[in-house]
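In the two assemblies presented below, chain A is common to both, partnered first by chain B and then by chain C.
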Partner chain A sequence: MNFQDFLFYFFSAILIASAVGVITVRNPVNSALLLVLAFVTSAGLWLLLEAEFLAIALVLVYVGAVMVLFLFVVMMLDINLDRLREGFWKWFPFGALVALAMVAEISLVLMGKYFGLDEMPTPAPHDADYSNTRELGRLIYTEYVYAFELAAVLLLVAMVAAIALTLRHREDKRSTDPARQVKVKKEDRLRVVSIPTEKQE
Partner chain B sequence: MNFIPPDFAPASSEIFMLIMVCVVMLADLTAGEKKPYLAYLLTQITLLGCTILTYTSFSIESVQTFHGMFVDDSMADTLKLMIYGTVSAVLVYSYSYIADRGMLRGEFFSLILFATLGMMVMISASHFLTLYIGLELLSLALYALVALRRDSVVATEAAMKFFVLGALASGFLLYGMSLVYGATGTLHVSQLTQVIQSGASSKEVLVVGLVFIVAGISFKLSAAPFHMWAPDVYQGAPTAVTLFIGSAPKFAAFGFVMRLLIEGLGEMVSDWQGMLVILAVLSMAVGNIAAIAQSNIKRMLAYSTISHMGFLLLGFISADSNGYSSALFYVIAYVLMTLGTFAAIMLLCRYGFEAEDINDFKGLSKRNSWYAFITMLFMLSLAGIPPMMGFYAKFAVLQAVVNAGFVWLAVVAVLFSLIGAFYYLRIIKLMYFDEPEVTESIESNNDVKILFSANGLAILVLGIFPQALMSLSLFAIQNTL
Partner chain C sequence: MEYFQQQFINLFGMEWGAMLFAFASNMIFILAIVIPLLLGVAYLTFAERKIIAYMQIRVGPNRVTFFGIPWLRGWGQPIADAVKAIMKEIVIPTGANKFLFVLAPVLTIMPALAAWAVIPFSPEMVLADINAGLLYILAMTSMGIYGIIIAGWASNSKYAFLGAMRSAAQVVSYELAMGFALVCVLMMSQSLNLGDIVNGQQGDSLLNWYLIPLFPMFLVYLISGVAETNRAPFDVAEGESEIVAGFHVDYSGMAFTVFFLAEYSNMILVATLTSIMFLGGWLPPIDMTPFTWIPGFIWLLLKIAFILFLFLWFRATFPRYRYDQIMRLGWKVFIPITLVWIILLGTIMQLPDSARNSFPLNIWF
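Let's look at the complex of A and B:
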């Protein structure tokens, strides 16, 4: 077993353990942190696959931005754990049956002869000066430019939809308008009153 | 590393649409407070502009651009022209409805245009990526449209169901696509056929992928047993949005099935034919039988949609260009009928009153005999009674199925459509033989009056003279395959 194989099994073990942890631990904050661990280890696996850009993007975007935001949300929301667990055992047999069927179906295909190493051999490793990021950028802006632009439109739709669904103009809201706040001059707020001093006896 | 810039001309209508969506959004943002109709006008202008662009660049030959990700052919152009017309009619019908309910905002129009763009992308896609992104563009805009009246509990619930089940369906579809990619090594629809023909891909993996793809498609088509979202969404969404969901996306779904199953996986016809037979029979059974028990008209029409989707699938089962063109004819007929039926519901709605119960149709003939007559035409057509368009559409689909050797399937379809006739005829009975509960006359703008009448008469005329439209469908399909 060379070092790469060792790394693969090392990362995989942590990944599986933390993924199981995400759905089994009681505290949602711990569960979110375990998800972060799962992301970081899968980024390690992607590095082994020579997908450096994706690995770094996963850490930067998912771990750095999305999960931190998610942690905030989990901490802000007052989640009632008992209500989440209500009816778990009632639905467990049904859920387990569906999950087992899915696992069996998927493993029949994936574990069988169809995706073995004979069918899908390991791709030849690239040279040291091969830049994954440059190749990805080149493809995205040439061959896949249409899909790339459409994905951008998709994000625009998500933004419009999110704003349309959540923005409320409330008459009684008590917030400050930053533009007006900045424009305020000393004269608007401060009144200098000259009070004649009384002479002390 | 030499890069040839793609040919933008075939995608001119998509590009124009995207630019105009941004214009609509910005115009409404700056002037929307004072002129709420501005977004509406701009949207209609956009659709008109797209119609002109697509019509003038109508291509009989199949043209690919953007490195084989985009295809422009006669089927794509025909479907796009139909979609522009449908969306435009949807907006005319729903203008006063949304104005009464405070939904006359820029978001409504920009989301509808985004959804339209998604449909155009789906229809013109020749790559799994663009097929999927187009579908998501459409679905995402539809989820938001359903939830747009966020103070309504029913609408929010419907949007949640639609969103969760839609996301699940997209997952199914993606998983199926990834398996097909794993087996064939290509994402290009046009290359799939060659790879499968060469026999280099393992059949078993392809079939498993196909099962997931068909499941995902039937979710989107609302074919049984993947139909559970449709009644709730149809009932919960504002009627104007239901009208939109029920009409134009059916063209996109037709294009999607054509691209994915027939152009891409056409080699596996013997595999998907059996799956579609099950879906079609179940849809016709569930749709027609469950619709009888409904007292909510929108819910009833949702079940009616499910049964009509079963009929549509019959056209694909026959797996030849006659079958596909009769399926296209069926979609056109179905969309025309849906437009009219939901328009009739919206005519009954007033400020602060939602017509939802079938009893709201009671005595319509005494309140407005012309509207009652046109609504009767739609109901007769939905039931498939000659000489309406719905009859000819059913007839063409059944003919294709019989020619393909599925006589038993045609018999089952006729039996279920007989059962289905009951609930359409019940509406006619309510309109003509029952006393009205309210005596208010029904008012509407002139444009709605004209469009509604034209829509109803089109159903009648196209039912008597279907040949022109039928040959257009055949022309569109034959030039594509």
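Let's look at the complex of A and C:
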């Protein structure tokens, strides 16, 4: 076992343990934090696969932004665990069925004849100056530009929809308009009055 | 270097010797970065107190001398502060989540120090010369927020929680503007490697620095950097007049100091990145003999010191922003500016050479 293999097993062990923790831990905040750990360790695994751009983007996007907002929401929720557990056994067979179907699908894909070391040999490692980012950028803006633009449009539509659904114009809302605040001149607010002093005796 | 490597190989055998040598030399390099950094942090607090004091016509710390040298009055203050912090008890509130409460300061300082791994101090002085250096920095700085959120939540106190919420929203919004400003830098340099970014600014004088073609981005980056490090005038996460001290209200002793160490080393990090990305890093302002005698490392230090002085100047000058104004500035002012600038820069880059050369004052290419 060389050092890379050791790293692989090390990261994988942490990844599996934290992923199991996400669904078993009782406190939702702890479970969100374990999900962060799972993201970071899978970024480590991607680094081992020489996908440094994807690994860092995973940390940047999911750990740095998505999970922060997630934690933000989870911390403010007042979750009653007993009520969450109420329907567990009632829905258990249904959930188990869905889980089994997913396991079957994944194993059909991964254990089929398209994967495996004889079908897909280990890719040759690249030189140290090989830039993953440059290659990825070249591919998504030339060969896969159509798919990439489609994904971008989809995200844009989702974003516009999310804003349109939550934006309400309330009549009774009071807010300040910074542009108007900035425009205020001294003359609008301040009146200098000259008061005649009384005569000194 | 080779001599020591040979010694290691003789001692521990071919495979293990090389590995242990790499480990030991990297450890020494890391210490060579972290120890000056922490000393810099200690004396930055001193500089802050002194500079703000002089700006407010006070004297500042002037009692503790440095090893009894009478004319270095106040210079022992940071060391005295550190000793005091180490001696104090770390109080853990009864209602707190103990594990996360202790973990939070560690999570704050870890990314603040880890980001330094890819910083080039001079053309050869860099610990990890990786291709995706800029992305690594962005990823590391974006992880710093976890310490603050966890500290706020684990303290089980309303003030701390409010501070953490404010800080989370603020950092996430300003990260976007910061990232977009850096996109402009990497469009100019066409590389994510920090050393290549500095080399791209090489030229006769400071007119070649990215400061000039990307001046609005420089401002956006600097101001977002102040917001990202939760410094005044964007320090609503602490907001001592509204929510006592924000996320670290329940921390004491060394745990509290670790938050401060992280904040100040983040400040130095942002100053260093600004100097590398916009002010030409280790390059002298004019490529002529008297300036090139000074080593590049000193130039970088001078630039960092200047940006840090700006940070302290901001704190002494501006009143704290109101929370909704911070959000407005980030989302409605900075992000549109950066988007416009990215499109403008992209258009100029895609122009044919003849059209680009016909610009009367072509500062871009």
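List of remarks:
Methods note: the second predicted complex is superposed on the first by the 167 of 201 C-alpha atoms of A that agree within 3 Å, B and C clash if a C-alpha of one lies under 4 Å from a C-alpha of the other, contacts with A are read in each partner's own complex, and residues count from 1 in each chain.
Note that in this section a contact is a pair of C-beta atoms (placed from the backbone, for glycine too) under 8 Å apart; a residue touches a chain by one contact, two chains touch by 3 or more.
In this text, all values refer to a predicted model and were calculated from it rather than measured experimentally.
Upon superposition of the two complexes on chain A, no clash is found between chain B and chain C, which fit side by side. Looking at the shared chain after the overlay, A:L165 reaches chain B, while chain C stays out of its contact range.
Using the contact criterion defined above for the overlaid structures, shared-chain residue A:A147 touches chain B, although it does not reach chain C. In the superposition on chain A, A:V36 contacts chain C only, with no contact to chain B.
After the chain A superposition, the centres of chain B and chain C are separated by 140° when viewed from the C-alpha centre of chain A, nearest 10. Nearest C-alpha atoms belonging to chain B and chain C sit 13 Å apart in the superposition, given in whole angstrom.
No residue of chain A lies in contact with both chain B in one complex and chain C in the other.
Residues of chain B touching chain A in their complex: 1, 3, 6, 11, 18, 25, 66-67, 69-70, 105, 107, 110-111, 114, 117, 121, 127, 129-130, 133-134, 136-137, 140-141, 143-144, 147-148, 150, 179, 182-183, 202, 204-205, 208.
Chain contact summary for the complex, chain A toward chain B: residues 105, 109, 112, 114-115, 119-120, 138, 142-147, 150-151, 153-154, 156-158, 160-161, 163-165. Within the complex formed with chain C, the residues of chain A that make contact are 3, 29, 33, 36, 52-53, 56-57, 59-60, 63-65, 68-69, 71-72, 75-76, 129-133, 176, 178. Within the complex formed with chain A, the residues of chain C that make contact are 19, 100, 130-132, 135-136, 138-139, 142-143, 145-146, 149-150, 153, 161, 164-165, 168-169, 171-172, 175, 192, 324-325, 328.
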